[in-house]
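Dumping the structure here so I can ask a few things about it.
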């Protein structure tokens, strides 16, 4: 039973098949492969965005950093949640790719609120040339704590950004999980709400390693291409990125996989709830944060369940001390495992 | 018939099999997968370097840029050939990853000579704090023109570098092709000659997309890891990089593939020579540079042969004008194709 | 009456005289001038630090950014107060000069506390290669709100930093004002407390434009010199920086000027206190933050007093609304002006 | 007798007087001082450019680097002479300020020619996203070898740049010396010829330390201001920069000083010519490069003449060996010294 992260599971067999199938003869390199043409068309159709510029990279950090570098000047600051991946988990990659922009942490909650965002943006107002200038707003959907912004919430944040003339980036490492949770369309969750650029994740949802960057305004497309190359993120054998994304988007695989992950997560949440476990954040996609007594954690670990204890340490003595943990369901987990896990929790 | 580049051919079936085989269940992310332990052991054994730090990335530009960034301060300059990939084909990635170091072009030949290298290094001598400081020497093996440095030549260049206390980087995007051309050991072509860090290519020789960076002195290993992460080149599902490299190094596949590519290139060179074609550079690995009349080029293109005309244009009128071209043999080409091609050249 | 900032007052006549006196004949450029030798000796003596490396630049932001760039790797984070000048007032200069390091804001108070600092440093603990690495601690003395860390407080912060093996930078743009406020020695306020590098301000305390950077451990001296040059902060006609600093340090001018500024500020604070005005922060050096009714602010402005309203706006209607303001006393203000000002406040 | 550089001489008394005069009372900081308004008006008038954006910094490297950073993207390359100051003498400052742009060395002569420039620009043509993109052309006037581009030559270079849509920067560290050598107007030497941005030197021609950056198209003015602040080159007590430039431009002081320096240099050149000394480069402004036997160099050094031997070493034995040297005349040298020097050469 593995709940440590959705970046540790296997790729979906359809993705592997696509890789194998793409491995025939020669293909033009560096993104000029015909499968990439298909991918571009797929994403434009799925997003109802016929003009969008679409690029592939292999890591989520690359997608985020390159998108932000394209939207942000080095003397600006990016507004994001205090627990944003770009702030906590990318070892200063956004600062590196932007040439030294700052990240301004908005409020103290996981989800940014329009009021907190407005306050943060306004706080950069009065210093003229001395302070960092206002730059893009970056929203993480699904959040790093497993919650999901509603379309209304996204729109409200984008409205604040637009009121100041600032572009909006969506870190969609778990885009599909959010989408199926909301039941809206990709367009509604992005450009219709006011999003300008998306990191559209594939890796965590059953791919080997591929993320799309979607720029709804193609004006900065060429700059993005140059930044991707300069960042060493342009693949020569690009067809293997294209093939993954192509298969991922075909026959609704991406949404199917997310539905499965979210569904199993809901089952897990239900089981925990039934066992009296309290959630630290409302589980809305494929991640559960909850607190359980050390005794239960020890039981789980002894049974070989793999996951991360988020605060505190298993090593303590008090069996009743509550330790927070994160459980992530990837596309590949099955319901029987969930049930076994819940059984272990119940003891 | 495809001779445009060795970055456009398919991956070797053994590599694909390894990818598929690696796709079982969960694996620890970010380079902690057990296959990576095997890869590390393989490379240390192959290079007779039990202390070496070994890392994987997905592109050659990433390998070069991260290796150089680890060896070079931003106020230094990297000494390299005027046709080095790091200078001509990476859109300023080395400048980006080093934080703004300079590249000093050594001499005007494809291969650096010890005299030219010494002269370049000495030329940075007298400016104190004003000029860029001397930084690493970067050698490309196979060169960008298909020639190969002998072990003696490499040693002589490294000796010059060492005389000034400068580290040496080897851009081995085509490491295997050089190695089998020289018939020496990996250790002889690297640390025994004085090389400190290697970009060890897999992609061009039958992998999907993987390159190793080998640091013979592990002192900067942790810095390299941080730079890799910050550069967005640390893969979460790292096992798919490991699996490629693992299969590539197993059962001598890497050398076999290179022998095949070089052998077919030699066959092609022999055919061209027999047809009276003159080489621009001596073909020593898997690349041929040669000049042929426009008429022959037109015939080849009409027959569907894919390759790059390097100088001049097919579009001209004079059928006798000589146009230079590059022909690259990858691992997957077969001898029959070579013979057909030579037949076309002969007309 | 001018209280807007100590960066807008005139230079002390002794500084101007030194400039004029230095303007004789030729002098070796780029920091090799003989006056610089004197300055180095002065600072080493004043700081009881015979090995210290000493450099001059022309702006406080340059001093801070270059010192931090020398102490900090680009994948690290600098720990500082949420109101630190390096965070709020340098338009991302520290991020620029460090090559993209992050700034981590410690706690929510003006002064960092050891507990808040420890908590911030520990919070970067668990993410391994993913999070920013722990970098230098930067302390502002006098703080941006006019308060002063005691030697005990500085020592306690440095102890926390040292416990994690982190270097400490002191932003001493108002070093002299802090020193005379504490009545300690320069050594006690810096290296004896655990400080590794100091931005030693001259500009705000009567110079034309000069700051010293003092590195108590000279190991990184050459790197600093290269970073200064690369940052375009090495002056060719360096003697004019040296002459300022030389005169500033001579005959206790620097402490005299600070005593005068602090003394007048104390007089101002006393007057305000007597008039019933409440301080936002305890005035401990040459800066007062206080809140007064709009009516008083209007009276002051009409009388031509120049200062910054820090929160709220003069333009409102309610005469009783409290507006916070900052009053800075520079070396050149005289007591009569202070008294006139207090008279205006009293109305 | 001092001929080592024009960066080691004293400031003109009028400049010092202006500094002292500016030192009265309070002045708005950070470039908002009223003297700066005068300077802006002066430069706009002198350059016949009523819309130009005008900024002051304290070093020539700052002027060059900030101007180039404003004109250049990090994935571009700057075209310049192989002996350009930005390439040889700024310790990678342009690479730093541009965020990692490259410098492409044009031809192998001191002066760029239109043909060599066109060839360099065209050489970057065919690599698409892989090579650095074409960026600004930077011309040094007076060149680093004491020669001067004619207006026709400047225009021809600018025409090549314009033909490719590239902006042109003029490194005018010795702008005045070139101007009086050509006898043209500032407009003719800059925007009328096609120059977009100028580093307008003051330091080498009698100032303490001030350079103007002039952007004829003010569209990037705000970006320049932010880059200046972020580079730590915005002075709080800016009036002391303004005062220098104000005095420098007043009453034709800048041209007078340059005429004097050039005139004395011509006198020196004439004396050398009469003594049979051969010039390495035609002396056209205030710098002479020439070769003389070691015996003469020894005589000069023994007499206390200060200058730089450019190639070879005084320390050798052969009295007849020719050593190249550079002699720079600054504004403050007088004709009697020139004559004494020539007398020493004649022996």
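Each chain carries a letter (A, B, C and D) given by its place in the written order, and its residues are counted from 1.
Operating definition for what follows: a residue touches a chain if its C-beta (ideal position, glycine included) is under 8 Å from a C-beta of that chain, and two chains touch if they have at least 3 such contacts.
Bear in mind the structure is a predicted one, so any value in this text is a computation, not a measurement.
Student: Applying the touch definition from the top, give me the chains sitting in contact with each of chain B and chain C.
Tutor: Of all the chains present, those in contact with both chain B and chain C are A, D.
Student: Report back the single chain whose CA centre is most distant from the CA centre of chain D.
Tutor: Looking at centroid distances, A is the chain farthest away.
Student: If I rank B-D and A-D by number of C-beta contact pairs, which comes first?
Tutor: Higher contact count goes to B-D.
Student: Can you compute the centre-to-centre distance for chain B and chain D, using the mean CA position of each chain? Integer Å is fine.
Tutor: 41
Student: Let me have the rounded angstrom distance from the C-alpha centre of chain C over to the C-alpha centre of chain D, please.
Tutor: Between these chains, centre-to-centre, one finds 34 Å.
Student: How many angstrom between the C-alpha centroids of chain D and chain A?
Tutor: 51
Student: Of all the residues in chain C, which ones touch at least 2 other chains?
Tutor: Counting only residues that touch two or more other chains, chain C contributes 74-75, 90-92, 96, 99-100, 129-130, 133, 226, 229-230, 234.
Student: Applying the document's contact rule, which stretches of chain B touch chain A when the two form their complex?
Tutor: Residues 2, 4-5, 7-11, 13, 16, 19-20, 23-29, 57-62, 65-66, 90-93, 96-97, 203-204, 208-209, 226, 229-237, 240, 306.
Student: Would you tell me which residues of chain D are touching chain B in their complex?
Tutor: These residues of chain D touch chain B: 74-77, 88-92, 95-96, 98-103, 105, 127, 129-133.
Student: Tell me, which parts of chain B touch chain C in their complex?
Tutor: Where chain B meets chain C, its residues are 30, 73-75, 99-100, 129-130, 133, 223, 225-227, 229-230, 234.
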